[in-house]
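You will see two complexes here that share chain A, one where it goes with chain B and one where it goes with chain C.
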Partner chain A sequence: MAGQTVGVRAKEQAEARYFLVALCAFLALMLGFPAVANLWYSFSNFTFHDLTGGSFVGLANYQKAISNPNLWAAFGFSLKFAAICMTIEVVAGLLLVFILHPLLLKRPWLTGILMLPMMVSPALMGVMYRLILNEFTGVIPAYLALAGYPINFLGRNNVYMTVIGIEVLQWTPFAFLIMLTARQGLAGELEEAAAVDGATGFRFNTLVVLPVMIPTIIIVAFIRFIDSFRVFDHIYVLTGGGPGNRTTSLSIYIYKLFFNQNFLGEAVAVSIMLLVASLTLLFAGLRLAIRRNGR
Partner chain B sequence: MLKKGLLAAAAAAVISTLGATTALADFTILAWPGGPAEAALRKVVDQYNATVGKENNSKGSLIYFSRDSFFDKMLADAAAGSKEFDAMLTATYNIGKYAPFMEPIDDVATADVKATFPQSAFDTQSYQGHLYGIPTDLSLHFLYFRKDLIDQLLKDDAWKKKYAEIAKEKLGMEMQPKAPADWTWDDFVATALFFTKSINPDSPVPYGTVLQMKNLLFNIMVFEGAAASYGGNWLDKDGKVIVDSEAWRKALDIYKKIADAEATPGDSNSYEYAEANAAFGTGKVAFMPQWSAAYAELIDPKQYPAVEGKFDIIHLPAGPEGIKTHAHTLGLGINKASDKKDEVKRFLTYLGSKDAMTLYTKEGGQPPVVDSIMQAVASGRPDMLMMSDNAGKYGFVPNGGTSAEALGVYTNMAENFTGYWNDAIDQDTAIKNVVTYMEGVFKK
Partner chain C sequence: MIVRRRNLASRIGTALRWLVFIVTGFVLNLPIIMTVVTSLKSTADINTSPPPLLFEPTLDNYREVLGAGNTDLPGYILNSIVIAGGGALLAIALAFPAAYAMVRYEVGKSWLLPLITNLRAVPLIIFAIPIYLMYQLAGLLDSWTGMILIECVINIPVALVLFVGFVQDIPEEMDAAAKIDGASIWGTLWHVIFPLSRPILFAVLILSFVYGWNEFLFGLILTTKQAVPVTVGATFFVTSYGVKWGATAAAMTLGIIPPLILGLFAYPYIGKSMLTGAVKG
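Showing the complex of A and B:
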């Protein structure tokens, strides 16, 4: 009997390896190869005119990248943007979980409606808001003006908050969905035991639910931070990174270096640094969440 | 047996479909998407396929990217040696950047083709002495203005008095209103202030003008006519960067004054072509500098009923060096990686013929053709006649404006100049940043 169990387990492991090989090959091809190619590009002086013929230049691209003040301006924007967006998205998502969880248990189809903003491509989101926030043709400024509150959403003083608002509107549903799943995965026995002990409402949510959800919240926060840090689409469509470089994120900065200014090696070097920073953050987040879960 | 038969039939169907597709699309043209240019080129390609193409057993088909980042996508494909398109788009401001991926077409400029275009049009599609594209569409800038408002300003004594008061108070100058044909950039600023409701509560429109101040390289092309009219250029004859000059500073201050006085909409820092059209077309501004292509859109009463029959166009205001407008052409050339260069050359020769360009113009295209062709087909389209006239008289391409670095320079100027207009940086910093960048890329 024991021999049979061992045999079944070995067979499962062999099958798992078989499937893993395919997955690893796919990842190596689709992610690994571009990553290695980019790593080489970041140490070479290749150009559009000669994509395969660049020669090794050591750390020159990295030196040029970190000595460019515009990099640090873009880094500062991305960092602040990501921190603000992540905080608002996680807090709003969590509040929505607490408020809507009972309702969604009875009417789960409502979750689909709440997910709609996430389904729209970020570039399209930018185009949509370019239309509806326009002073002359936009619906929102028109109604606000009628109500006696004329606001220029894309004006020089408001544009920063507007791009944050659009990011938050689009991605809060993602934070909400992941945290809702964690909330719904909470064991029924735990709720019953808490109720017997007299923990209901606010006390139940803060003393029982919240601590259980902490690892999920950490993961969501890290994913949203990294995603917002790399923001490109809707900002590029709405402001082009301006005025000046006031809304230039690191991704927009890299794009312009690469395509508009022909500084290919420098652009790839910044990309590699961004990749390393993102992976470091993600691993740190995962370790933190796993350690906390294990405790 | 049945299975084998089915497989054979399926294979035959696939092979015959592929064969038919190949026969139907001998060569592929990557062209500028949307608007009158696309509609007109489709007609010309259809005509070619039905005539010259048919005689030579050759057929062209068109493909399009979206306008967003069109040139970046084309650059990536061309640099990778893609053969997905045989003919590709060219533009004056990036000929130098794309030339290494293109085939010179000097031999396409036959006597017939040379009779279709003035030499200046060929110059906008040439780089280092070689022709790379057949010009298809000319772009420059006009001043679009509300006739009804300007007419009243020139007649109404109360308006004239108010105009003089505003000019004195805001600009410290004794000024009287003038017709737009006689405007200098000072008149442009003074009239913009006069028609701004926050400055003149009697103005029938909220804003005097609308400036495109988004951090976008094409917006610098609209602006650079002002700098050129003050004598501004990119490089001097020795290749030295000369952007740190009085001319550029004066031109930058024109936009700055208007932005600070809020004589342009408050969100102009996110405006480009479409937003400016929306502002003018909804009747909310008195005049605007805008691309020539906007005329065809703004005269459509279904799209813009508020300005139907109320506006006109004229050249941009003058500076001390006269009237200047940025001018460039789009065109079509040959992808170096193409295996069908001869077929494309045959098509380009046809495209450059009088017949093809006449059809192209009639269908809404705006080619820089010789006057005789333009006069024959452009009745009812004053913009077409004015375009060829203004291109010759006032057209301006900065020194270095067709080089491989031109797009980078425009991009850098966009970042820094929009930053200045919107208070992100001061003027000295903006100019210093641009000069540093240009000196780096031009190695001077």
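Showing the complex of A and C:
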């Protein structure tokens, strides 16, 4: 009888595997095959006209890639950009949670208003900022000039600050939403108990809420870091990576190498290195998470 | 006395909270507000400096971008609808049965699920080049099919995680009851799990549609003319139309309104979906 049950279960499991076949085949075709092709291309001297040709050139593409100082400049830009944006977004989001939590608890629909920027395509967000920050017809520079602060947001000296500002303004709502959800999940008794002990307001937030929310804060920071690190859309439409290479992120760098400068092998080599780096990071993160859960 | 003072303090506190909310809401949404406002201005009003606070709204810009034969914008919008919709439906068709198999039969849960969820954290540009080359060989460049396939890839991690989370919460007795009645796995999935999962299917459909609609990188790389989505098409306005900010603003407004409206329905799920990649299942 028991053997029969196990048999049925095994048969069902075998059948259930079919449910995965379509998904696996699809991903193998769309991601696995390109990844393998990419690996081959990174060791060959292929051209646009002869995609299946090209001969083995060893590590030449990699050598060219890592000896290009622009790669390290772009890597540095992405790293710094991600670190700055992540920090501002987490801090601003957390402050907003502390300040707005009591309001939103009674009126959850208000949260939706703060969420709107997240729903906009980052590329169109970039174009919209280009519209309102335009030196001549932009609304914001016009009013600032009236107030006696003429600023050219897209000029050479300010553009770095501007692309960071746009990223922060679009994605602080995300940090805010996740941390707000965590804050709302805290039991109300916690607040009452703390009040009895004399911890209210600011003291309650820093001594009781903050420590409890640390895991959420870490997750939010991690997501915002990886998303900002691979930034492409709004910078591409706003500055195209310029002036010079001043706002060229790693994603834009690879794009330009391949599509504008025609350094195909070099671009592929960079993307393979980026893939290996991000997979290593992810697996390290995953192992850490498993170890923490196991304890 | 003390009570009254505390009352006053808490009232001031609440007023300050409202002030923070209003200022934050205004600043965060400023580009959206300004773009919509600009799209309703006449060219003369746009070029007036300083910008007039009061003006007579006009729909001329919308007439210009949507009018027959004027611009390619209607085509871009159609492309976006087809690509985002197709990508969302295909992702659901692939991910939903897989999520069911993973939850109920523990197949692939230990290796496939973490592999797919982590995909979201990999920079997309890595796959952009080989997929471009593959599409060139396969003749899929600048086609609806090619764009639908790639949007589907992008949507799968989020769809899978949300489905796995939802199916886990469906009591297993539901399946058992169906099986006693002699239903196969397919039958159970189709007649029991699928109807019960309607809320999550709806949420994933909306979210995937929004992601597909908002996607830019692959639209930029893989399309040139026939299948250009509105996110890419709207950027053409900036260069090709030069200083025609009114028309650009109208095009942009049309490009952001669908996700804004859909997003308001799905926003409770948004946070959860964006956590994909950092938390397992």
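The rule we apply is simple: the second predicted complex is superposed on the first by the 215 of 295 C-alpha atoms of A that agree within 3 Å, B and C clash if a C-alpha of one lies under 4 Å from a C-alpha of the other, contacts with A are read in each partner's own complex, and residues count from 1 in each chain.
Throughout what follows, a contact is a pair of C-beta atoms (placed from the backbone, for glycine too) under 8 Å apart; a residue touches a chain by one contact, two chains touch by 3 or more.
Everything quoted here is computed from the prediction, not taken from an experiment.
Engineer: Check the residue A:184 against both partner chains and state whether it touches chain B (first), chain C (second), both, or neither.
Structural biologist: The answer is neither, since A:184 touches no partner chain.
Engineer: Applying the document's definition of touch, where does A:271 land relative to chain B and chain C: first, second, both, or neither?
Structural biologist: Second partner only, chain C.
Engineer: Should A:63 be classified as contacting the first partner (chain B), the second (chain C), both, or neither?
Structural biologist: Once the two structures are laid over each other on A, A:63 reaches no partner at all.
Engineer: In the overlaid three-chain picture, which partner chain does A:206 touch, first (chain B) or second (chain C), both, or neither?
Structural biologist: neither
Engineer: Counting only touches as set out at the top, which of chain B and chain C does A:280 meet: first, second, both, neither?
Structural biologist: Neither partner.
Engineer: In the three-chain superposition, say which chain, chain B or chain C, touches more residues of chain A.
Structural biologist: After superposition, C is the partner touching more of chain A.
Engineer: Is A:261 in contact with chain B, with chain C, with both, or with neither (first, second, both, neither)?
Structural biologist: So A:261 only meets chain B here.
Engineer: Touch check for A:121: first (chain B), second (chain C), both, or neither?
Structural biologist: second
Engineer: Could you say whether A:110 touches chain B, chain C, both of them, or neither, answering first, second, both or neither?
Structural biologist: second
Engineer: Find the residues of chain A that appear in the contact set with chain B and again in the contact set with chain C.
Structural biologist: 51, 123, 130, 134, 136-137, 237, 259
Engineer: Of all residues in chain A, which touch chain B in the complex?
Structural biologist: Chain A residues touching chain B: 48-49, 51, 123, 130, 133-137, 152-156, 159, 237-246, 248, 256, 259-262.
Engineer: Quick check on the complex: what are the chain C residues that touch chain A?
Structural biologist: Chain C residues touching chain A: 14, 16-18, 20-21, 24-25, 27-32, 34-35, 38, 46-47, 49-51, 94-95, 97-98, 100-102, 104-108, 112, 114, 116, 118-119, 121-131, 133-134, 136-137, 149-150, 152-153, 156, 184-185, 189, 210, 213-217, 220-221, 231-232, 234-235, 238, 243, 245, 248-249, 252, 255-256, 259-260, 262-264, 267, 270-271, 274-275, 277-280.
Engineer: Can you list the residues on chain B that touch chain A in the complex?
Structural biologist: 68-69, 72, 75, 79-80, 97, 100-101, 213-217, 265-267, 269-270, 275, 278-279, 282, 284, 404-405, 407-408, 411-412, 414-416, 418-425, 437, 441
Engineer: Quick one: which bits of chain A touch chain C in the complex? Just the residue numbers, please.
Structural biologist: Checking each residue of chain A against chain C gives 12-13, 15-17, 19-20, 22-24, 26-27, 30-31, 33-35, 37-38, 41, 51-52, 96, 99-100, 102-103, 110-125, 127-132, 134, 136-137, 139-140, 142-143, 145-146, 169, 172-174, 177-178, 181, 219, 222-223, 226, 229-230, 232-233, 236-237, 250-251, 254-255, 258-259, 264, 267-268, 271-272, 274-275, 278-279, 282, 286, 289.
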